[in-house]
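Several structures are given next for inspection.
Next come two complexes built around subunit A: one with subunit B, the other with subunit C.
What follows is the complex of A and B.
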């Protein structure tokens, strides 16, 4: 084990906003991981007001978006893509539900985290003003990991509960 | 095309946090197998050590270990043994029996079916018996929230290393471990940025961080009161379970924790509003 504590001057890192963004998986990669070898048929739909009310009732979670991104899986079951509002930005995630209606897999697709939370030094912040184009973050190049106070994943688990209710009310064969 | 520099990283909501696992230098198929194995080991740990789930080892102990010995899983026993060692070395500055204070503050739910804890109880009342049996000398409530995440990271890393990646990292909500020959930079997110990003360059080791903004989540086990200073602490150790547990010790004892850190070959950096950043213990 070796460790060294350093301060990386901000100028040494090409960040245009103080954001840490990572793309873990594409939708296709998540499909293959959760349902290996299966084929996927897009079956997107818009939830009705009655369905939205029923989903909220069943899950206790508000439905923010009536568009339901769902794929039928050739081996049985459903593959859903949705997003929840995290601490700083939306977190897209995928949920696989097997033919019996049980969770087969959950994968986070992308994650964006504001580094620092609050930027105290206004001068530091000013140097990034107007530079939002292009890659929103490059901390990933120099710094691959962040350690800090734990950011709760509760909003994702709430989102999964909402999608399981959506499945039961809208998608499951009756 | 699969170059030897292939890096695969995935994330899942586990242990109440975002857990990411990364492996470099494996084929994509093997990388995903390795990460699947790592996530599976974390999910298993979570089931055994949850304070909330009624059938977890922790809940079973809190309900009945004061009546007679309760057998626990190998993983739970290993965590209890390590927790006891850390408690004894730190003279109780780390103590898994502070759960009643956390319940009182609404940070943990009341354990269902568990007896009222004895106010005098502390870590010394937990007996680890042969055959993975555990007995409490008095009614008490344990919470492994302060070490289970670090332990889960260590187990997940073991799972990744079976696939022999060139480099690997497991990060469970900021408690992380890196393995491989290369050093990795870990930004320490203390909640703000001033002139530069505080960063730990880490090779083959673990780091865990803890912030306390006065939420009451950190309890001094000796005086049973919430720790008040707004501190940010990162501890580096070879294993994440030690780093995770020792963040609580440094949070409670500050500079005075240096001798405890040295016992575990650990080292810490700490930030507080009055003094800024400083290092505690000897850098490995």
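What follows is the complex of A and C.
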């Protein structure tokens, strides 16, 4: 018996769906959120090969960009911007480090993935506050996984650990 | 007598029963044929369309296009269910008396399938990801059940993905007043590397054993082994993704039941010489 049918699906999947590309914060807005009232002095620099190797060694995460985007904060500390890969695309984020070298806050600047946007949840991001980096700053250890947003939460955590290693190796006063 | 490989694949499924049919797809993976443990999060929905063009059988001009339209839903962050329709177009023109198929041009609906994937471990939080897959299918004069283990692991900050699927598949096809029964044991291997954000390139390999009968344990007779391999390319952006994979049969096929035409010049008769698969998915 031959059953004729209609190819419905091609039409169905061409229906446009809402885009999830979201710019949540500009760099200036993130600076104000993490360090209210402070002034910022741009201090971008290029990492040396030795620094890149040391950061990889300390954090276990590959350095993707030699250019370090860092700002000195008038109240002490640093404001850093970096990005990590999500499922498909990069997730730009900002990290504030206080004068004692502890995490003051993180902010997600943009998110372009269809799923996993829960990493913007304030309670999840609050887990980072006061931490000093190190090998235990990982999903499943000091940081809880977000079920259903595992990739994004893992990669952002890895990115924060990388930036904390960068701070310790390149920026911290010796 | 069953081979050790055959028994090993079958044994992998002994603990969770049997299942499923022709290939289907979990959630987005960088592979065209191999499944990974990636599934939709709770409440996530996706429509997926795939088309596979199969070509080449001995002694005949044989072209087949198999289509599948799938709707997937994330029930929990560990359980994904799917429902899909399968259909295909086949055109056969024998040019030799030894051809196994008669002249035919046919467009038909073949079956409706259900699919359940339960993830036990994620490769993002464990060294190895592991999920159980089961897929029953039913159609006019056709029944199928397939089970898979989905195993994957990530390296180089999740840039390199390797995956493996041991598969057992039981198939019943109406023949006159009775049913023709078949078993397939497969082992799929894949490796894909993230070349750029959203872009993966990889390779896939398939080893397949066909058996007459519906048991991997003793009542089915091995008919032939076949092997295929080829490249795959995957691109994703936001809510949509597409994967293109090519498989070429390797001239390593072996006849196991003594029938001369099971393999011809090192190629299995039942397997296409070349397959091209395009998958396209949109997350809703």
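Please note the rule applied: the second predicted complex is superposed on the first by the 116 of 174 C-alpha atoms of A that agree within 3 Å, B and C clash if a C-alpha of one lies under 4 Å from a C-alpha of the other, contacts with A are read in each partner's own complex, and residues count from 1 in each chain.
Keep this in mind: contacts are C-beta pairs under 8 Å (C-beta built on N, C-alpha and C of every residue); 3 or more make two chains touch, one makes a residue touch a chain.
Every value quoted in this text rests on a predicted model; they were computed, and no experiment measured them.
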First (subunit B), second (subunit C), both or neither: which does A:25 touch? first
Contacts of A:85 with subunit B and subunit C, given as first, second, both or neither: second
Touching A:111, do we find subunit B (first), subunit C (second), both, or neither? first
Scan A:40 for contacts with subunit B and subunit C and give back first, second, both or neither. neither
Classify the contacts of A:157 with the two partner chains as first (subunit B alone), second (subunit C alone), both, or neither. first
Of the residues on subunit A, which ones does subunit B touch that subunit C also touches? 1-5, 7-10, 13, 18, 20, 115-116, 139, 145, 147-151, 154
Applying the document's contact rule, which stretches of subunit A touch subunit C when the two form their complex? 1-5, 7-10, 12-13, 15, 17-21, 61-62, 85, 87-90, 112-116, 139-140, 145, 147-151, 154-155, 158
Sort out for me which residues of subunit B touch subunit A in the complex. 9-14, 16-18, 20, 22, 32, 149, 169, 171, 173-176, 178, 183-205, 207-211, 232, 234, 236-238, 265, 267, 269, 277, 279, 283-284
For a test of understanding, state which residues of subunit A touch subunit B in their complex under the given definition. 1-10, 13, 18, 20, 22, 24-25, 33, 106-108, 111, 115-121, 124, 139, 142-154, 156-157, 160
In their shared complex, at which residues does subunit C touch subunit A? 28, 40-42, 44, 47-49, 67, 69, 74, 77, 85, 87, 106-109, 122, 124-125, 140, 156-158, 194, 197-198, 236-241, 280-284
